[in-house]
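Take a look at the structures below.
Two complexes, one shared chain (chain A), two partners (chain B, chain C).
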Partner chain A sequence: MEALVNQLPIGLAIGAVLLLAALGLNFTFGQMGVINMAHGELIMVGAYTAYVLHAWVGINPAYSLLAALPTAFAVTGTLGWLLETTLIRHFYGRPLDTLLLTFGIGMILQQAARDIFGAPNVDVPAPTWLTGGITLPGDIRIHYSRLFILALAITCVIAIAHYLNRSRQGRRMRAVIHNRDLAAVSGINTRTVDATTFFIGSGLAGIAGVALTLIGPTGPTLGTNYIVDAFLVVVVGGLGRLSGTVLAAFALGILNATVEAWADASLAKLIVFTAIVAFLQARPQGLFTVKTRALT
Partner chain B sequence: MAPTPTRTLTALTLTLGLTLTACSGNDTQGITDDTVTVGMIHSLSGTMAISEVTVRDAVQLAIDEINADGGVLGRTITPVIEDGASNETTFAERAEKLLQSDNAATVFGGWTSASRKAMLPVFERNNGLLWYPVQYEGLEASPNIVYTGATTNQQIIPALDYLREQGHTSLYLVGSDYVFPRTANQIITAYADAHDMDITAEEYTPLGHTEYSTITNDIARTEPDAVFNTLNGDSNVSFFQQLRSAGVTADDTPVLSVSVAEEEVEGIGTDNITGHLTAWNYYQTTDNDTNGVFVDAFTERYGTDRVTSDPMQSAYNSVYLWKAAVEAADSFDVDDVRAALDGITIDAPEGTITLDGDTQHVIKTARIGQVNDEGLIDEIWTSPEPIVPDPYLQGYDWAADLNG
Partner chain C sequence: MTTTEPTPTLLHRLRGPATLAALLAAALLLLPQLLEPFRLNLLAQYLCYAIVALGIALAWGRGGMLTLGQGVYFGLGAYAMAMHLTLQATAADPLAPDLPPFMVWSGLTQLPWFWRPFTSPAVAVLAAILIPGTLAALLGWSVFRRRVRGAYFAILNQALAAAFVILLIGQQHLTGGSNGLTNFPVFAGQSLYTPTAQTTLYTLTVLTLTATYLLFRHITHSRYGKLLIAVRDAEDRVRYLGHNPTWIKTLAYTLAAMAAGAAGALFVPIMGIISPTLIGVIPSIMMVLAVAIGGRHSLAGAAAGAIIMNTAQTTFAETFAGGWTYLQGALFVLVIALAPQGLAGLATTLKNRLTRPTPTEPDPAPAPAAERSTP
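Let's look at the complex of A and B:
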């Protein structure tokens, strides 16, 4: 029990990272049903945006992180929007082809990063105001960058919830997901909605990328480290449900941290995967479900 | 689009043409009056490309230097470059192609133990000769491989000797979950048992793992004298970042890494790793004339922002060692070259090194380094003399139970 309490903050920190990585996928995969294998590479593009702002544009590291968040959202959002309008939309309703297509796009983006920035990892220094941390009871130290990621993830979730529930655009998006034909008949331009959904989903990947530079390596293969976990979170949470994604991310994070307290990380991963498989056997639709007649 | 007869015919002709080219490839002469073909096989794509491309650059530099200097036995070296694509099956296939179609006189390459193990049967079957440049877990000595990196008794054991000399008697082991760290930690545990040292924990994480909060907090809490780090690749970045976050400094608990070289330091972030230790046989700062020439030649060719590291240097040496062995044998034939290996000595950037014919490993000096704030590694301890390779650790009583 004590181990669980001690590991709780670590689990929340891991969960926040998972949540950020999965939020964008909640849109493109969860809402639209597009198996976007390039999502990890969009995260990577976001991370390199932070690097470019710091190393090439030369913005003071104290602010470059904050500047990178909206910039990365715009850059990867636009990239995702371009991919959707030029390529992916021609593959709607063909999940296998989409999978191969986006996998290929991912490899192209990875190689592009390698050619532009070089194969070795690059260094994105954390802003000085994020150095240091707090010590919790049980001698657990939580770094400020972890708290920053947690706060960022929560902010994103609130913003998304607000957008989906309160804004016109967001309500249109939900209408299209629930019943595409009826939405189209009511005068909603479903093409525009699809493109917008993809823009937002990809943009969120960019934000995740910027945040990940704080805790991990920034290199061409950064995205591959997170893509499987991101898919797992969305699937466990239930496709298209924001609340499901949030709950699943923190549940997996805490489960991981708890198991790691007594088993090593390798074994912990195995146990978590087993738990997910068992869970999906019992509940293939995930934690929450939404009845949809969306893209199938 | 339905296939038209013309289209089908074109396709057929092309296929036939390709097949014919492939067959005629078998007749390529590996050695002519003025050229000798050698193979280079490294991962130029995929997850290992980050490391292996640097080794490819070093091999290429050595080949060009030798060619500019008149070649080997009067012949220009013509490299055939293959991409192992970070996939051991591809390594085996491409190696087979190098030996059978290109008739490569010898092959330089490999990085992961998995790729070496996959290529080993290919080289044994075709009686080829592979020059493998990376430190590895030992317990191997194939007559068809020359190991120019360190085996365990030239890297891990000297590192343990050093830690013991410094009075660090409790060790925390962290490693990636695959053959090298597992084997290394077995050796470390056996060493610790025999030398009254204490292993406080042995943690493994999957390759590419990025969440080290639990482990780093554990290190901060248990305060071991030192951490022995066998993590590989990107995980090091997360580990060192998060270790610093957990408030562990190099002064309190130094981390000794065996897979972090100059190349990795920048990606980890110099701030995160300054003061921590590494165990290798060569550093860019190693002080001798040959190294000065090597570093200058390398940075002149590839850019001043590039650094040189132990595996690169071992790969660079392997070309010169091969040249020396060929000249001693006065033949490119693999059996003749192998017979000439024993006692071949060259002045390498790491100092004077000698080939040991029995094990086909290199007799080399072990060096402990400390990362400085410029991202380079300063030598702080050197083994008293060059260490004779002992891949099966037969010379160590405490290691008797390890060979299995």
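Let's look at the complex of A and C:
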């Protein structure tokens, strides 16, 4: 029990990273059923946006992080919107095909990053106000950058919840998810809604990318390291439920941290995988599901 | 799918077997004479991937299960064989210690318990097929029983591949880590480096590919094969008709895993190395993409896709690496967007255009009505 308490802050920090990476998927995969394998590459584009703002545009590192967040959201959001309007919209209802399609797109984006920025990792300096950290009882040190990511993740969740529940557009989005045909005959332009959903989901990938520059190397394969775990979060959380994604991200983060505390890190991955398969025995649709009576 | 013809003539019925026999004869007798040893070795590698592709075509094309983790089963087979070959190499070298070198470097003094059975070649070969089969059966049964399917199943497979690779790299003292296992000079007392040995391995691969093809062809044409397609297209209706989709899907998934395991076991002595980079998430997706390009609904198309893809990979990656990645990415997008039935589908369409001028004839390939998501 004490071990669990000790690992809790680390677990929350891991969970926050998972949550940021998975939030965008909650829109594109959870709400629209598109398995966007290029999501990892959109995260990578977001990370490089932070690099470009710092190294090419030359914004002071103290502010470039804050400037990068909205910029990356706009850049990857636009990229995602372009993908949706040109390609992905022809594949709704064929999730496995979208997976292969977007993997091809991901390959192209990754190679483009290699050609533009070079294969080696680039250096994105963290702002000075994020250096250092706090020491918790039990001699656990948490970096400020981890806390920043946690705060960023929570801010994003609140913003998304507000958007989905309070704004007119968010309510339209939910209407389309629940019943596309009924939404359409009620006068909602489902095409616009789809494109918007994809814009937001991809934009969130950009924000995740900027955050990831704080804790790891920025390179062309940045996104591939996170994409599998991010998808698992959505699977465990259940499709289309924000609360499920949040809960699953932190649960998996804490599970990862706890298992790693007493087992080898490489063994931990397999244990977590087995735990997920066991969990799906009890709840095959994930933690929360949107209840429908449809047969599949 | 010759059923569109009312009564197939003898000539029609013999065309398939005749083509197969001609291909087999050419592959076994002609190519070893024509190709230099290096090219023959490469071809043997591609044929291993073709065996994996047959399994994917069965599980995905017929059963609708997107197997995004075939690298795991391929890798399990490959590592089973590689462990045996490593032990053989250690035993054959009188100067070497009793342990494989990487274990000595990691400070191990004793052979780990799970390595011991692999001193026997029979155990290694059996394990290369049975371990992937058992793992797939367990995983398949436990998730299909709870009706986990579609995208969820695909992602679970992918996560398995990711976890497997991390485990292999992390347990370096047991598995050789990211370097993998390599340096296999002998198998069953025979040197593996001679041209004769390589030709024998190639012949063995061709025969395994043919046997797998014939077995899977038989399966897809059987009653079970029809049930498998039915499960892919409307799982719940099959359940209402009194069949149990769980075992139908588990069987196809297990067979695909066993084919991948056998391919892995053949791959190791041919390639001379197995390492985590050959079996991770990305290689696993590549295996599926080869099938998508070849044609997921056709066994022959899938195998051809794997051979074509890997040939192109070697040819183009040698000359212009970056450009090839763009081309490959674009190719995937184009194939999925324009020809979801792959090359085999294009061939069928072309044949129909040529033989039947009226476009009213329905597409004879089994159309993928399934793969629809939950509304």
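In this text, the second predicted complex is superposed on the first by the 291 of 296 C-alpha atoms of A that agree within 3 Å, B and C clash if a C-alpha of one lies under 4 Å from a C-alpha of the other, contacts with A are read in each partner's own complex, and residues count from 1 in each chain.
One rule holds for everything that comes next: a residue touches a chain if its C-beta (ideal position, glycine included) is under 8 Å from a C-beta of that chain, and two chains touch if they have at least 3 such contacts.
In this text, all values refer to a predicted model and were calculated from it rather than measured experimentally.
Chemist: Counting only touches as set out at the top, which of chain B and chain C does A:Arg94 meet: first, second, both, neither?
Modeler: The second partner, chain C, only.
Chemist: Which holds for A:Thr86: it touches chain B only (first), chain C only (second), both, or neither?
Modeler: neither
Chemist: Which partner does A:Gly133 reach: the first (chain B), the second (chain C), both, or neither?
Modeler: first
Chemist: Count the residues of chain A touched by chain B and by chain C, then name the partner with the higher count.
Modeler: Partner with more touched residues of chain A: C.
Chemist: Is A:Phe231 in contact with chain B, with chain C, with both, or with neither (first, second, both, neither)?
Modeler: Touch partner of A:Phe231: chain C, not chain B.
Chemist: Pick one for A:Leu280: touches chain B only (first), chain C only (second), both, or neither.
Modeler: After superposing on A, A:Leu280 lies in contact with chain C but is clear of chain B.
Chemist: Contacts for A:Ala257 in the overlay, against chain B (first) and chain C (second): which applies, first, second, both or neither?
Modeler: first
Chemist: Quick one: is A:Ile108 in contact with chain B, with chain C, with both, or with neither? Answer first, second, both or neither.
Modeler: second
Chemist: For A:Lys269, using the defined touch cut-off, is the partner it touches chain B, chain C, both, or neither? Pick first, second, both or neither.
Modeler: Touch partners of A:Lys269: chain B and chain C.
Chemist: If I apply the document's touch criterion, which positions on chain A are contacted by chain B in one structure and by chain C in the other?
Modeler: Residues common to the chain A contacts of chain C and of chain B are 111, 114, 224, 264-266, 269, listed in rising order.
Chemist: What does chain C use to touch chain A in their complex?
Modeler: Residues 66, 68, 139, 142-143, 145-152, 154-156, 158-160, 162-164, 166-167, 169-171, 235-236, 281-282, 285, 288-289, 292, 322, 325-326, 328-333, 336-337, 340, 371-375.
Chemist: Please output the residues of chain A touching chain C within their complex, sorted ascending.
Modeler: Contact set of chain A toward chain C: 29, 33, 35, 37, 87, 90-91, 93-97, 99-101, 103-108, 110-111, 114-115, 180, 224, 228-229, 231-232, 235, 239, 264-267, 269-270, 272-273, 276-277, 280-281, 284, 292, 294-296.
Chemist: Chain A touches which residues of chain B in the complex?
Modeler: Against chain A, chain B makes touches at 45, 47, 49-50, 53, 177, 202-206, 208-211, 213-215, 217, 220-221, 234, 237-238, 241-242, 245-247, 263-264, 266-271.
Chemist: Mind listing the chain A positions that touch chain B in their complex?
Modeler: Within the complex, chain A touches chain B at residues 7, 10, 13-14, 17, 111, 114, 119-123, 125, 133, 139-141, 143, 145-146, 215-222, 224-225, 256-257, 260-261, 264-266, 269.
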